[in-house]
Amino acid sequence: MLFEKWMSEGSVSIPNMLLKSYKKIGLSDNECMLFIQLHVFIESGNYFPTPIELAERMTTSSHEMSSMLRSLVGRGLLGMEQYEDKEKGVYFEAYTLQPLWNRLMDSLKEEEQIQKETNKEQLEQ
Amino acid sequence: MLFEKWMSEGSVSIPNMLLKSYKKIGLSDNECMLFIQLHVFIESGNYFPTPIELAERMTTSSHEMSSMLRSLVGRGLLGMEQYEDKEKGVYFEAYTLQPLWNRLMDSLKEEEQIQKETNKEQLEQ
Amino acid sequence: MLFEKWMSEGSVSIPNMLLKSYKKIGLSDNECMLFIQLHVFIESGNYFPTPIELAERMTTSSHEMSSMLRSLVGRGLLGMEQYEDKEKGVYFEAYTLQPLWNRLMDSLKEEEQIQKETNKEQLEQ
Amino acid sequence: MLFEKWMSEGSVSIPNMLLKSYKKIGLSDNECMLFIQLHVFIESGNYFPTPIELAERMTTSSHEMSSMLRSLVGRGLLGMEQYEDKEKGVYFEAYTLQPLWNRLMDSLKEEEQIQKETNKEQLEQ
């Protein structure tokens, strides 16, 4: 019965690149945790969780949550998109983690560039 | 080339029960993040990452990391086991997240118990 | 652009117990593949994919798919539940993988039982 | 106790792109299942499972397994790499799923190309 409940909750997949490199792209532990929570909400079909919903699961207050969300959007790491629900004729907002994945990819690119230049310098010496 | 690097890093699976309920069992956002990092290290074959290795990926200092690890072990949420490497004839330590999973399961059990009692009281009224 | 599409598709978590033990509980490779596809559909919010939808992703024909689904339900490995959409006042069917998880847990229990008896016999000799 | 065993087995992350598109790139259900099993072995540190090890978990015989592996390597979907274990001074083989990820990415690229051309044609009419 409990095991059934556990299984019905399921698991979420987190790219290791995020966990290994969030510090490099300027995220704090708390901000990474917020991204993971946003990911869980989005996967479960809630594309725009409120600061209050997020604060229910985190030890960060809903007030701090609002300012963290604003900061992440401002730094171009968290995206916001507008969708139209044609059936109901309304627009709704959705968070997207795509800017985060792109930033991580960029940091990978920079690393590779530095690697190449280091190799080149060593060859020239 | 970059995509290959991304894919070779892979992904890690995190039970949603942890992400939804860590606050209920008394963990802070930072402590949950530390558990996730421990999970990643263990999955990659490093069963006993040092505070320094952990601090390289987190915005928590290695000094704070040591005290966080001690606190989690002390509160019975993080386990430590000793294994024997028979080939090399040495013992080594390994962290285990099993106490954490058990605690989450217990919290699920308590919730169900409270649910049942509430239902019973409502019937008796 | 392509990387964005890849990331937006996401990943799905599959318990290793299923992949390591499906043969022991009498599932064929194809049947396990069907369970994984059902899992993906359910996670994406489609709780009752049709044999035609499943056959679009698999090399099994929709005709064979129907008989595989019937067989899995008949053997008590795939569950079907009825839910009420109260907003729309209609009932809908949903597949559930819970019987599968329970069967895998039972097979784990049996293994442990056999292990214990073997250990006991060895002690008595 | 059983729950502990379940948790210690863990979960594996599978990109949804594989599950949704393996048919399009010419893989059968069985071949996709084999790729998933290879992924599980590799993640657990066994980089070159034998046909016998694979056949223990699958309903495909070890004989068929050998020919499936050969076929996947021949079609450029499964890669093989040689590594040097410098400590022991030996070389060892390892499977890599990178060619599979690249092929899936290529199929995504083709789809986008077709989409663009269709859009262009519709505009020109």
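Residue numbering begins at 1 within each chain, and the chains themselves are lettered A, B, C and D in the order written.
Just so it is clear, contacts are C-beta pairs under 8 Å (C-beta built on N, C-alpha and C of every residue); 3 or more make two chains touch, one makes a residue touch a chain.
None of the values given here were measured: they were computed from a predicted structure.
Chemist: Tally the contacting C-beta pairs at the A-B interface and at the A-D interface, and name the larger one.
Modeler: Looking at A-B and A-D side by side, A-B shows more C-beta contacts.
Chemist: State, to the nearest whole Å, the distance from the C-alpha centre of chain A to the C-alpha centre of chain B.
Modeler: Roughly 20 Å separates the two chain centres.
Chemist: So how far apart, in whole Å, are chain A and chain D when each is placed at the average of its C-alpha atoms?
Modeler: Chain A and chain D have C-alpha centres separated by 27 Å.
Chemist: Mind pulling the chain C residues that touch 2 or more other chains?
Modeler: Expected reply: 3, 6, 10-13, 105.
Chemist: Just say which it is for the chain contacts: an open line, a closed ring, a star, complete, or other.
Modeler: complete
Chemist: In their shared complex, at which residues does chain C touch chain D?
Modeler: Where chain C meets chain D, its residues are 1-2, 5-6, 9-17, 19-20, 22-23, 27-30, 32-34, 36-37, 40, 56-60, 105, 108-109, 112.
Chemist: Over in the complex, which chain D residues touch chain A? Could you list them?
Modeler: Those in contact with chain A are residues 3, 6, 11, 13.
Chemist: Under the stated contact criterion, what part of chain C meets chain A in this complex?
Modeler: For this pair, the touching residues of chain C are 3-4, 7-8, 10-13, 43, 45, 97-98, 101-102, 105.
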